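In the part that follows, the structures are each spelled out as structure tokens.
In the two complexes below, subunit A is the common chain; its partner is subunit B in one and subunit C in the other.
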Partner chain A sequence: MTDTSMTPADASKKKSSLLAQDARTRKRNAAETRFRMYGMAAIAVGLLFLVFLFASILRSGLPAFTQTVVNIEFVLTKEQFDKAESKMLKTGEYQKIFISALTEQLEASGLDVDFDNKAIQRLVGKPGGTIRSFFLENPDRIGTPVSFELAASSRVDGYLNGRITRDTLVDSRFLMATDLDLVDALKEVDVIQSAFNWNFITGTDSGVDNPGGAGLGASVIGSFFMMLVVLFLSLPIGVAASIYLEEFAPKNRWTDLIEVNISNLAAVPSIVFGILGLAVFIQFAGLPQSAPLVGGLVLTLMTLPTIIISTRASLAAVPPSIRDAALGVGASKMQSVFHHVLPLAMPGILTGTIIGLAQALGETAPLLLIGMVGYVAREYPETFAGGFTDANSAMPAQIYTWASRADPGFYEKAWGGIIILLLFLITMNAIAVVLRRRFERRW
Partner chain B sequence: MDTNDVKISTKDVQVYYGDNHAIKDVSVEIEDKTVTAFIGPSGCGKSTFLRCINRMNDTIDVCRVKGDIRIDSEDIYDPKVDPVQLRAKVGMVFQKPNPFPKSIYDNVAYGPRIHGLAKNKADLDDIVENALRRGAIWDEVKDRLQAPGTGLSGGQQQRLCIARAVATEPEVLLMDEPCSALDPIATAQVEELIDELRKNYSVVIVTHSMQQAARVSQKTAFFHLGNLVEYGETSTIFTNPVDPRTESYITGRIG
Partner chain C sequence: MPFTWLVLIILTIAAFGYVMGRKRALQSAGGDRRNLHSLPVYYGANVAIWAIVPAAAVLVVWMLAQPFFVNSRVLATLPDTLVSEGNSIGLVMSDVRRVADGLDVAVQQGAMSRAEATSISTETSDVRERLGEVGVALGSAVSPEVLSGAQRYRTLNATGSVIMTVIVLLIAFGGAGYAYSRSNADFRARNTVERGILALLIAAASMAILTTIGILFALLFNTIEFFKLYPAADFFFGTKWAPSFSGRGGASDLGVLSLLWGTFYISFIALLVAVPIGLFSAIYLSEYAGPRVRSIAKPLIEILAGIPTIVYGLFALLTVGPLLVSMFGKDTVGWMQGGTAVMTAGLVMGIMLIPFVSSLSDDIINAVPQAMRDGSYGLGATKSETIRQVILPAALPGIVGAILLAASRAIGETMIVVLGAGAAARLSMNPFDAMTTITAKIVSQLTGDADFASPEALVAFALGMTLFVLTLGLNVFALYIVRKYREQYD
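For the complex of A and B:
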């Protein structure tokens, strides 16, 4: 080949140069580039939604974790104590002591605000009772400085974190515009402070008009006991069913029918399982209403198809050569499954189970029908067995209940509850990842 | 060559996969302490017939086996026979090396463990060492018995599988194209090993390579479309075949 034969004209005719792309290649490359762009755009949109979701959840929910408290320190003398105890309205007397302490503190800081008994009640409810019971329980503290941290009302909370402003405030028996001056003044002298709201995490639900005191703790326990039921029923049943169907059952019309039905069950709306649970477990079997045991049973029904489908998929993914190898050295069918196939399928089974549990944890609709939504979980169960049978709520049910209450203070609690729920879900998924890594020793 | 006892005898064996008649009227007598090669074009039923001998076909739903197959004159398809027990006696090596995803030691020890062949740990260690020696792989792996079996090279994996098969003290060793996934050097090693194994076992090997059959076997059976066309001394089959189909196959005209 000579140099002249390498001219472009020549190359385009028959001998193409590798240095220049021909039209087809250019088209193919362009198509590939475009496809990558679509993919990246899709991911970007997904991420954007995720960021937006998290941002709005955090923005609305985080205030639920802080609480406005009125922090005041004063000394109760023996005479004051005796005098108050001799009165008819004992708590009213303590409230007067509290108010004078407050006034003193304000005066000491050179601030002059007018307020009365009613205003104090709008701010911190009736502090007299709290103060009295403290001194009755700790009589030795009489005469020494004691500091009290009293939860401020949810309206004050709302004012401080911007939910209520002077412009939007409508005077009511809950909060007056004049109270806001007092709040501002108290904030200036650090009597009103912001504190971490442990009660939100560990406490129980409050009544409909006290969002400040509402906590998720009891419902977390309710969810926990439900998940125990789900785990200990659906994992063994689901895995046993899958192993039988995948490894032992003959392939015939019956097993085909069962297979189709399991896939269908996985797609049944969860509320159907709820009404089934109501009919079977509560009305027929006579189990208690609103009990985590019943919730767990209903969620087990719902989770089983998910676990069976994922377990069967991971069993089917184990290469048949492993089964042949085991049978070839004289292992029985069961030995080949339990010694070789199951360990290899374990990561998939665990992932499926945890995803099933996570789904069940966030499920609300079936709980509606068995009486867990709307139940006011005011108490922790007293015994371990009671955890299963005592009426309780569950996290998503509690969130739903809060979100449907009239007081806007509960709105923030609902978002806060969602943050806790999401934390549990993220933890569960992290556990799934860790377990998968640990079991996945595919050499 | 001296004549050996008959180890496996089959009479009028038929195998069906659903409606597909895969093995037709196969009667053959396989000798003890002999390497018998099954050759034939692919799809002619060599593997199917081999898998009848340890009843691996039982695991295929659509597969039906008829006829009479005896090992040491015992009918292995008798309802009283437990295929699991049979398979401990008739070891099998597969086409693709398939070590368990466990350590080399555990691969070999698995069979003896489930059959209770070892009384204690030292016993088991002996069995494993012996099997690995007979699999001609001991020297290569003795320093890394706890390393994963799947980390070995293809040829080593296949020899490990052979060691695993001999560890259960079988009497018959079935090999389905054991070298088809191996390179020439590994193939040579495995062939050498097969010749060794002949001293203790009756070896049946399926191969699509006629050279391999000629190299390792004493007896050869030629299958064609599910029929056993010709069976006899390897030297006779390759130099002086009776059936024209055999001749066409070994001269490369069908296949």
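For the complex of A and C:
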């Protein structure tokens, strides 16, 4: 029937050639190209965001790892030492010696800048005490050239990093505009240098007005103890739960309930786990606030679903023939699982656990509620047990604390903290990838 | 550290029992392990399990129950006048506990002898000052009733601990002895041990249920407590959010609507960023890209999902916020007052959600069978026509599910909004205004020295409940859509 409507006369009305595209084909092809472009643009935008994110992290964070130091070498003679020790204000005398050494160095290089005691204090604090205690401890160094490396104040740091400029600087007791001439002059003669800031990695948090002295060390330890708790609770519980659900669970209501609960818990916002930790662990069970133990418990509950899901996947990947073979030679069901299936699934389980730990390491919101933010982690825990129960901070909580302080000097520290946090995460994920590559088995 | 010691002793009993049980079983078989029903390890393990599990169970239950018991006993001895003088029971009890802890510290540091701590009275010495010396700061002078309550609290706790230690140790010994007496060649040790292990596995799997129950109880009880102090209708339908920080109750306006508005507005902008980019990336990666591009671009995009939210928060606060201000701020069009705004948080949250949308959609698009593509190509459709008219309709339920899951993520996200969205609750259409969300307010109401009996702190639990119900509802709805509208191809 349809043949009649398609007469040759109808078809010949439209002149078409195989070589030239008609308008409709061109339109369709253009739409095709456009659609493809949308996809490429989406990927490009995604990658651009990634690059932008990392660029801003590195640009703002790297200065946190360097510190401006005043590096000066001078000789303290025996007479100067005796004279200074005989004075009432001993450290003041050392300060004068320091200043004269500085002036000498400046004059030797032909620069002439006026400065006084106060300016030095604004630049490096009170160096007199440091110098005096050095010579009291090492009396044999008197008379020989000694070089001192004194940390410059965070404002000077900010000036040299470009965070503070001559236009934005407001004169205060911390730094005056006139001091900047001195800083420039000292920089020219290499007395002010930048050095690697070890204190940032090993040190502890400082007070709210001293961004220069803030370090991440104590909170790294806090995070470490939290991860210990998470590892030693969530790995055994997660593996046990997965073994039951994957190998033993009968199909019944209880099993269904557990499954639904696990998938729901994986989607519960992390802040709700924080509320749980606050209400159950701190209010109800009376555990100490800000303790890594409580943080670890909360993060354990958060990580469990992740670990259970990945462990079940790797248990399911072990072929049934392994189980059948074990049962065939007389092993019990339990023996077949623990002696054969579990060891074969172990690489996958470990990979999943490491990824779960990495997630837990970066988690911040629940830590805010269990009191890890207000706490200023000034000290390392003294004992191993104290590492769990003493109030401490954790890396992400410390970063948040710094980000919410008023002094912009802390922002740089927060970015630097993020670099360290990301380094930990990258290392953990790299280990997971290597484990997977090295031990993954295709059946 | 009596608790640590107790655990160590129980473990020692178990280890000793393991060796003994194994030995006894082997002896009863005449030293020939072939005569045993099970492998020798099972006999040892049986004794160890019997030593640990009942004792540990009693220990845990006891430690949970003791505080309640002690509290109620101490409360019964406190005179009613103390409670009715405008103080709540909880406050008096926390005073009692603080004094008791202070006495403990004083005894530990040697500033007070044991006898002195139990006999000290407010008439003969200033307890507050004495405790201050060892670093325990008390808010007010200690009343004689509180002090005697604290002393009673200490004695009850001490006797409780002693009784607990004795009973737990007896149970551990008893369990080990019972299992030891049954260790002989005919005893089916493997079956018993395996039943025990299975019970442990079930217990571990039930942790998920326990966690959910814990979350529900923590939220529910405190929410009910909140609604006793603050009318529920005002909470759900109030548009004003102005908690008072100083006083207890009364002056606060705690309406959730403006917070809900901020939450949804920010989530909407986040989805506006994440859905097109994520969906188009997924389409490109699964349909157009070659294996090489796919193997590079996919993991790179997924890096965005592995970055902790605190990083995004800082990125919003310190990079995106100032950038947006320089584009839309006073110097140009004047739409934006400060760096923290709905736009800032929404944009950054959108970046965070891109990999979430793209990898979920990618899986769903890949699950559409190849035969449908081939059929479409065979009819002369171009690639994009196939995608738009065949693949996307087939994958639609899954994609909608993915978007709903992303929305639930956006609603529950905390760090980005805490740092990037601002603190002022307001109902406004301008996306460059600072607004705040449910999660941000939970954080601000529960950090600091909040007193947990005040509506200002308790409101956080009601907010948490709202958040929990919202995200749970979205997740269930997403699963429902995926299940109901899924096309079955097999």
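Please note the rule applied: the second predicted complex is superposed on the first by the 378 of 443 C-alpha atoms of A that agree within 3 Å, B and C clash if a C-alpha of one lies under 4 Å from a C-alpha of the other, contacts with A are read in each partner's own complex, and residues count from 1 in each chain.
Throughout what follows, a residue touches a chain if its C-beta (ideal position, glycine included) is under 8 Å from a C-beta of that chain, and two chains touch if they have at least 3 such contacts.
Everything numeric here is computed off the predicted structure, so don't read it as measured data.
Student: What is the contact status of A:240 with respect to subunit B (first) and subunit C (second): first, second, both, or neither?
Tutor: So A:240 only meets subunit C here.
Student: Name the contact category of A:139: first (subunit B only), second (subunit C only), both, or neither.
Tutor: neither
Student: Looking at A:250 after the superposition, I want to know if it touches subunit B, subunit C, both of them or none. Which is it: first, second, both, neither?
Tutor: A:250: touches subunit B, not subunit C.
Student: Determine, under the contact definition given at the top, whether A:207 touches first (subunit B), second (subunit C), both, or neither.
Tutor: neither
Student: In this superposition, which partner touches a larger number of subunit A residues, subunit B or subunit C?
Tutor: In the superposed model, C touches more residues of subunit A.
Student: So, A:414: does it touch subunit B (first), subunit C (second), both, or neither?
Tutor: second
Student: Just to be sure I read the superposition right, which of the two partners does A:332 touch: subunit B = first, subunit C = second, or both, or neither?
Tutor: So A:332 meets both subunit B and subunit C here.
Student: Show me the subunit A residues, by the header's touch rule, that subunit B contacts in one structure and subunit C contacts in the other.
Tutor: Dual-contact residues (subunit A): 332.
Student: Show which residues of subunit C lie in contact with subunit A when the two form their complex.
Tutor: 64, 67, 190, 194, 197-198, 200-209, 211-212, 214-215, 217-219, 221-222, 276-281, 283-285, 287-288, 297, 300-301, 303-304, 306-311, 313-315, 317-319, 351, 354-355, 358, 382-385, 387-388, 405, 408, 411-415, 418-419, 439, 442-443, 446-448, 452, 460-461, 464, 467-468, 471-472, 475
Student: Mind pulling up the subunit B residues that touch subunit A in the complex?
Tutor: Interface residues on the subunit B side: 54, 56, 59, 61, 84-89, 91-94, 96, 98-101, 110-111, 114-115, 148-151, 161, 164-165, 167-168.
Student: Give every residue of subunit A touching subunit C within the complex, in rising order.
Tutor: Residue list for subunit A touching subunit C: 28-29, 31-32, 34-36, 38-43, 45-47, 49-50, 53, 56-57, 60, 236-238, 240-241, 243-245, 248-249, 257-258, 261-262, 264-265, 267-273, 275-276, 278-280, 283, 285-286, 301, 304-305, 308, 332-334, 358-359, 361-365, 368-369, 371, 373-374, 396, 399-400, 403-404, 411, 414-415, 418, 421-422, 425, 429.
Student: Residue numbers of subunit A touching subunit B in their complex, please.
Tutor: The touching residues are 250-251, 319, 321-332, 335, 339-340, 344, 441-443.
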